[in-house]
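Note that chain A is present in both complexes that follow, paired respectively with chain B and with chain C.
After this line comes the complex of A and B, so read on.
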């Protein structure tokens, strides 16, 4: 068993074919998840129990179970019910891609909601009192004061979650999707050269992690431009 | 739920395996985390570089990839070594349960490295100076002052690492570990009830997560018991 470099150079272009699918999974789930997270956050901040409780249960369930189990429940599990197969959502749930995006979105939504809540709770009381003293309404206070500050505070944690999401897209390969990991697994099944293929793929993922970290670092600096150093 | 009735014992043994993997990977995670933190905080250039490489690699790669690499990689290495002695051997592997345990211990250990490093740095210099002034030795300071204080800081993220560990055990089913997810797959092939079977798995993991969360909360209260009056 030698480390075969020609195999590495052969397989990297093949695996990069799957990068499009990895990115689609990542960005679609990130956007849907973020919308969901904001909705969950507003439900919890509303102070109404019939909104707050369901949000909390949702977050608890999705943070307390493995993402792989969630993917399997949605992709393999839901078609057990005829009602699902007859519903208008069936064209989405029938496809592994739709199921993967749904599972990843619900999962990341639960995590991001907690991150955003941490940001909101981290907003300085004094600033909120100042806003009140200036006569801002509750809604104005939230839009002009709480939201921008909470966003800035939440960026470091959000960037970690975004990286987790990127890594979680690799689980889509377990429901037959041919993302980068899916392609790598088929190549390994054919060549039985796990070191060459999986290490190359790991390096590709690490590069993406690095880029995401740098991008969020820039965004954080941009959002902090009014903060005194 | 009738369909599940014949499978409870299989789910139970699956859960036992989840628990086993959790406990051993927890021990590994603490060892790797402490070693990593010690290396990062040391003044040794090489130790620093190795620890940095460790955290970059394992935090930047998908968990499933590490598990696959460790399992299949070790399998071909061991097979190749075994073939030197006995060319008859076709395939040898580390049992999936151990390959998986080591893999998730390594992965979560890289996160724990940062947690422990931050917590050790968060120990008040004043406390350490006070201990010195009282004539405590380095070892005494470490045991009675640094460790309890860093523990209080490290516990909340440490609880999250434990949750990651328990959830990552599900990934080991991919390399054929007969834990709950694997049981569910078998149950589905005979009963044809995928939703029911996977929901049971979800319930089991939720129960594990809840126990961990409650234990960490109790530990946190215990860890900060002398802080209560100060507040």
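After this line comes the complex of A and C, so read on.
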């Protein structure tokens, strides 16, 4: 077979039209997911079983099932329930965009919560004892000592999760969203040239991965200035 | 905190401490009056750290009584942090806050615990940094300092809280030999100013020149307690003699 470069140059600008939607899915889910992750983390660190246990179940369920299946359950499954259709969330859940953001947020929230917990567990015990000996309360210790140190420790793993999330946004195309992958699929349907189109698409995602990695690398260096000043 | 020179500042009465079924402290009784300096020595694992950690309640004891300034440490003590801030502690591994500059390390607890405003906290911090002779390092991060400097910062950080009592847990054991004296010098100065101190250390020169009393601990017990002169020249207990012969020949 031969590789048609004109298809590549034609299709890339068309696919970039979907970049806005890809970014919306990515940033919205990342922000909601991060908030959720912190809530789940605090529930697990609370030491109260009635908070810790539900958080653990939630994390287990969302880490243990494919995102694609989660998207399908939320988009196709939830509307079966009258309570969902009657709720104030219906205008959001009715839309494929809302469903995709919800699924991606819940998923990334579960993963990031574990990543943050790793960071918290990595904080030196001696440093926390010093804070305690100085009279800091448990809450003050968490805010001023644990959180900033754990954040730095979590950045490398978090940047990996962020890249996974960016790539997972492509699954939204399965519920009719016209993100970059959605557009690529319609072009393929018209041109019958999956090879050229999907390779172009892959290259775009790779460039984004590269940029995200660089950005997090910078952020990590900034946060680590006290380790390697 | 109310004290007269007659009531002890620190009082331990038959204190026991268990880790599971292992007994780390066995009937420890000790009284420290205001201004006294106590040096504690003994082999590794004898319970020295556990004892001083019980005094600021980093560990809770399982039996007996501990009084700080007349207040008993119990589970019911509401404001344990109010008692804790009267007791400064210096650790073997410095334990500075790695993500904060030196000056911030010294200001944090003043602001959060003592509710002192920022300019005043900064002034106090600079005062104590000068006292430990490293005011020029104020804006650096802990990793940029040598071990000896870090430990002096840790001492200054504890002093910023204006504690009544200072506890030291092997403050020089993690230091390179050439840095030990700069830390001991700061501690000696503190002792001269009348600070009440309990120091776990094997620096026998320091014990001789500073201590009012030296305690020898072994297997969770205080085996011997004497003034330094008597302790080093005429130890009574066989275990003390053996321990002293070991560390003094090194």
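Just a few scattered comments:
Note that in this section the second predicted complex is superposed on the first by the 226 of 229 C-alpha atoms of A that agree within 3 Å, B and C clash if a C-alpha of one lies under 4 Å from a C-alpha of the other, contacts with A are read in each partner's own complex, and residues count from 1 in each chain.
Just so it is clear, a residue touches a chain if its C-beta (ideal position, glycine included) is under 8 Å from a C-beta of that chain, and two chains touch if they have at least 3 such contacts.
Note that the structure is a prediction, hence the values are computed from the model and not measured.
In the superposition on chain A, A:176 makes contact with neither chain B nor chain C.
By the touch criterion defined above, A:149 reaches chain C but does not reach chain B. Taking chain A as the reference chain, the count of touched residues is higher for B when chain B and chain C are set side by side. When the two complexes are overlaid on their common chain A, residue A:87 makes contact with neither chain B nor chain C.
In the superposition on chain A, A:227 makes contact with chain C only, not with chain B. Legend: residue contacts after superposition of the two complexes on their common chain; A:134 is shown touching chain C, with no touch to chain B.
In the superposed model, A:70 makes contact with chain B only, not with chain C.
Annotation: chain A has no residue touching chain B in one complex and chain C in the other. Contacts from chain C toward chain A in the complex involve residues 56, 58, 81-82, 84-85, 87-89, 91, 93, 95-100, 108-109, 112-113, 140-144, 154, 157-158, 161.
Taken together, the chain A residues at the contact with chain B in this complex read 1, 61, 63-70, 72-73, 76-81, 163, 167-171, 173-174, 181, 184-185, 188, 192, 194-195, 198-199, 201-202, 205-206, 209-210. Within the complex formed with chain C, the chain A residues making contact are 124, 126-127, 129-137, 140, 144-145, 148-149, 152, 225-229.
Contacts from chain B toward chain A in the complex involve residues 56-57, 59-66, 68-69, 72-73, 75-77, 80, 163, 167-171, 173-174, 181, 184, 188, 193-199, 201-202, 205-206, 209-210, 213.
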